[in-house]
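You will see chain A twice below: alongside chain B first, and alongside chain C after that.
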Partner chain A sequence: MAVETNAAPAPAGHSPAVTWRDRWQTFRLSAWLGWQVESNWADPLLFAVYSMAKPIASALILVIMYRIIANETAEALFPGMYVGNALFMYVGALMFGVSWVIMEEREYFQILKYIYLSTASMYWYLAGRAVAKFLITTLAVVILLAFGAAFLDLPLRLSQVDWGLFATVFPLGILTMIGLGYLLAGVLLISARHGSGYVESVAGALYLLCGVVFPLDVLPGWLAAAGKVIPVTYWLEGLRRALLGQSFAQALAGYSDGQIVLWLAISTVVTLGVSVWFFGRMDHVARSRGLIDQVTEH
Partner chain B sequence: MSAPLSVDVQNVSRQFVTKKGQTFWALRDASLQVQEGELFGLLGPNGAGKTTLIKILSTLLLPTSGQARVAGFDVVREADKVRRVINMVSGGEHSGYGILTVRESLWLFSQFHGLPSKAALARIDELLEVVGLAQHAHTRINKLSTGMRQKMNFVRGFLNDPRVLFLDEPTLGLDVETSRILRSYVKRWVKEKPGRTILLTTHYMAEADELCDRLAIIEGGRILACDTPANLKRTMQDEVVLRMEVYPSLAEPQRLAQLPGVLRLVPDRGQNGHQVLTWGLADDGVIGTVIQALQQDGVRILRLEKADPTLEDVFMRMVGRRLTDGNGQSNHSA
Partner chain C sequence: MATASPTTAPDALDSAPEPAASLPDLTLIQRLVLNLRAARARAYVRVVATGRELSWLAFEVALPILSAAAYVYIYEALGAPPRYTGFVLLGSAMTAYWMNVLWSMASQFYWEKQSGLLETYFLAPASRVALLLGMAGGGIFMSTSRAASTLIAGSFLFGVQYEVVSWPLAILAFVLTLAALYCLGMLFSSVFLMYGREAWHMANALQEPVYLLSGFYFPVRALGFWTAMGASLIPLTLGLDAMRQLMFGAPDAALLPVGWELLGLALLTVVYFLLALRSLAAMEHLAKREGRLTLKWQ
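On to the complex of A and B.
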């Protein structure tokens, strides 16, 4: 789009097309904005200390609880549990990072309608806003895994990591979480109260169903079946195999690495497709109800 | 040949449902056409339906029925295309990323509109100078006063040089001098930029009168009249408008409103406990009757003038009350 000019604009019926460059620009700007928002609350040193202390403290609580109640069999599951718990931080952070933008921009900054009125694609904008959370979470996960390897006998050796599997599985999972973020963003578009509750509820359900800290095998059959259609389950399984070289759940032990990747890819595509469609529908509902610029102060 | 239409509204209605399940119409069968290059006003009190119409035209709200096109695009089916050629300024808002500076925030939006960064910054600096905010360019938004935020939002509306610009009460809550500067810029912008169109909503009569090429009077969700300010005022030529300042206040103004030849009587509070009466009279001959009636009531006339009709008079005649009745705001403040 051209900058200010005294020339007449294109005649009625003509509108500049949105290109992939525009979408990338939206993503980039949104990521910059997200970083400004995320890193605003403290000075860099305090921010770094908080980023390290919080995940380690949370993990240690879990580790101590686990070690108290664990028998020999359960002890064998410790690496999978520890890695699963560390990686699950991405799920909450990205779902929250993508979806909470709706609430924050509409209610707090009261700017959502102006984003709508720009050429920015909402999908790329929402994904971009989660980049800061992704980076902060990555730092926390790396610290947590290093802490586990150094002090908790976590059998994680960089030389033994299956980097090929890791590089395949990891981004697919990130796409899944962005998709889940779109789903929640759609819900938040048409609601005001209980916004954070929705996100926490979904994160809690995934924590239970996806075999984060215990294998799917211990769940009742129908819950285990539900867990097996959620892409996060395959993402965690794939990453455990890549990082630790071992499976966590008997229910998935029969799957080859290729099958895990295939299921993850299929379920990611389905999740993304459904979430993009759902967000579009909720966008329409929000416009029909006049909710795009509502300020409820909840 | 007439200019192409920038805004075409055909029988647009919008219904809302309250939390108690009651329905009400914010807009009913509204139709209007705005030509390219026009500065068109929507004049009406709070709750008249002005903002609802602006929201529909800017694609933020769907109409319940009817059709609307902006710059040739349907606002429902081609919302994405509409958004690429419009912008909006809403008055009385506190919007903005408090953590960013004024310049950063405006730059961000210039980039969302696809402007080259360098040119955008030059334009931002120029516009900040125009609205008198240049010295606060590097101030964080959360440190700005309401008026300063309003100025910044005003600048944001002009950043992408939109083909159609919606100004929704742009001077709401601003001081007189700032309002004057913004009005002056609006007039200049639409004159100097060929093909640009502005749709302005306001409940300030003076603003509508000063700025608009044409305007629509809207009340209760219905468009009551649509013409140039001069033509609208000309419809008042068949009556005499008389304004007077009296003391003490009339005890029963409605009784005097029943006098023969009195078409309207609108009492208003004046300064120092005085009362301002605006009369709509059938002809000059009724003036004597009015003065006599006031004297009989023991009311002294401190000032009296036969006034040219204003848009306020037009509104009062059409709606039966003052534009600002019920919203507690003065139409003279801007």
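On to the complex of A and C.
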């Protein structure tokens, strides 16, 4: 990196330009830190049990609900519900993983100000901190899907998966969730300690509006319309088509695979653009109000 | 003052003031008054907090309604009988108490440790049991406001039909459920006293699995008789089943007759209270010996 080493020292008060190497290093170290924070409080076995207990319990609640009603409708909807519920874990995990760092590091560990003092880009730092959650969630999703295929007659066969569609849709959704995480991180920057309610509320609203465990058609018209402008809806629909080869809701059955991908791509770009801009604005507000190192009690 | 043995301090020190750690002898009445005051003071904080932070109120009412709505729409999509909507709503309302027990009883000493208040509690002359009873009383007040709001708003939103068999028995079931539940919370609190970050993770891990085992969103009998009996160690299992029988007239979906469930709840209350007393003393001793009472960021 000749440019960097030959560059004259920056004048006082000005930082040298952040390079892609800096960003990658921030992301990598942040991911490692995130993994340590997530996992080093317990031995690996306990950590594995802990990581799997919640998702498996959530899935079993739905399985039992479907099984006690046990009619033809339940049988027809079960695969879409099961896959949707498993994949939705990414939404909560990534939104929380990106955004909660602000609260955890400002209020509990009180190190956010030091991150700000370093050369780290906050965007890359926050995204890196979500890597551990992404990996843990991926393991949970794989276990849930395998369990469903093995024991619950989930029609999921690796040979029949549309891998091209999966490879296109999956990363777009992940980017959307990182974007939503930035939005929430911006909100948490200017919120007091009890801001966890914001993240949970958004996750709860998405669970309801995006047709995760029931078809969008069941929702009242205005709620279904709201669900159809959220990228997570298209992400789940695209992944259901890729994994199961079938659509879940009549409301989206008229869309071709290409239209689903197009809507998802457009809404992902919009979400990322808005979230990066919003986080930048909130960052400015937090700095100007002296909130970066605030500690609030309740 | 007793004559000093050769191994005790010299006579000259006998007239010295009592060491700071010992307390003047109090009569039974004085001790009772002291502890009741401590309980009232600890409860007061939560009673005042109930309406002070309005965003909490919004989140704690809206979130259960969001999750209830998702489960209600699942049953609607499956064409389930209407009483399942009531089952879900009651379960969602009762999540307020379980969340309160986990985060504001079991984990409370962990929070106090983080904020530096725990040592103050242990220096105070009042019993830790009085503080926990105060927390429980305040917590019940706070959670009842949330649960009642969820129940009322949800009943209107989803048009829930109640078929109350007996109001006095329903109220008795509710009171016994809370008594047993908060005694369990006191027991957890003593165990969590030893924890660092594990406390946060344990509380987090005990949410969905308990929703599953206690049948928050479906009649617990669906788990199978013996599994449900095992899950009855969690007071909400018997409590929810009894309240569903008494409020929705659904004996066909019940685990046990109401009388047995009320007896079970009364028994759990006594057992958990006695266990909490013993455990609190043992864990306090252990925490002091291992130097964990003031240890932050474990």
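The rule is short, and it goes like this: the second predicted complex is superposed on the first by the 278 of 298 C-alpha atoms of A that agree within 3 Å, B and C clash if a C-alpha of one lies under 4 Å from a C-alpha of the other, contacts with A are read in each partner's own complex, and residues count from 1 in each chain.
Following the convention adopted for this analysis, contacts are C-beta pairs under 8 Å (C-beta built on N, C-alpha and C of every residue); 3 or more make two chains touch, one makes a residue touch a chain.
It should be emphasised that the depicted structure is a prediction, and the values quoted were computed from it without experimental measurement.
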item: First, second, both or neither for A:36, with chain B first and chain C second; value: first
item: First, second, both or neither for A:152, with chain B first and chain C second; value: neither
item: Partner chain in contact with A:287 - chain B first, chain C second, else both or neither; value: first
item: First, second, both or neither for A:274, with chain B first and chain C second; value: neither
item: Partner chain in contact with A:135 - chain B first, chain C second, else both or neither; value: neither
item: Touched partner set for A:61, first chain B, second chain C, both or neither; value: second
item: Partner chain in contact with A:117 - chain B first, chain C second, else both or neither; value: first
item: Touching partner for A:69 - first (chain B), second (chain C), both, neither; value: second
item: Touching partner for A:214 - first (chain B), second (chain C), both, neither; value: second
item: Chain B and chain C contact sites that coincide on chain A, given as residue numbers; value: 109
item: For the chain C and chain A complex, residues of the former touching the latter; value: 49, 53, 55-56, 58-60, 62-63, 66-67, 69-71, 73-80, 114-115, 196-198, 201, 204-205, 207-209, 211-212, 216-219, 222-223, 297-298
item: In the complex, chain A residues that touch chain C; value: 41-42, 50, 53-55, 57-58, 60-62, 64-69, 71, 73-74, 77, 81, 108-109, 194, 197-198, 200-201, 204-205, 207-208, 212-215, 218-219, 297-298
item: Chain B residues touching chain A - in the complex, by the definition given at the top; value: 4-6, 16, 36, 55, 58-62, 71-73, 78-88, 93-100, 108-109, 111-116, 119-120, 123, 156, 160-161, 163, 192-196
item: Chain B partner contacts - residues on chain A that touch it in the complex; value: 1-16, 18, 22, 25-26, 29, 33, 36-37, 40, 109-111, 113-120, 284, 287-288, 290, 292-293
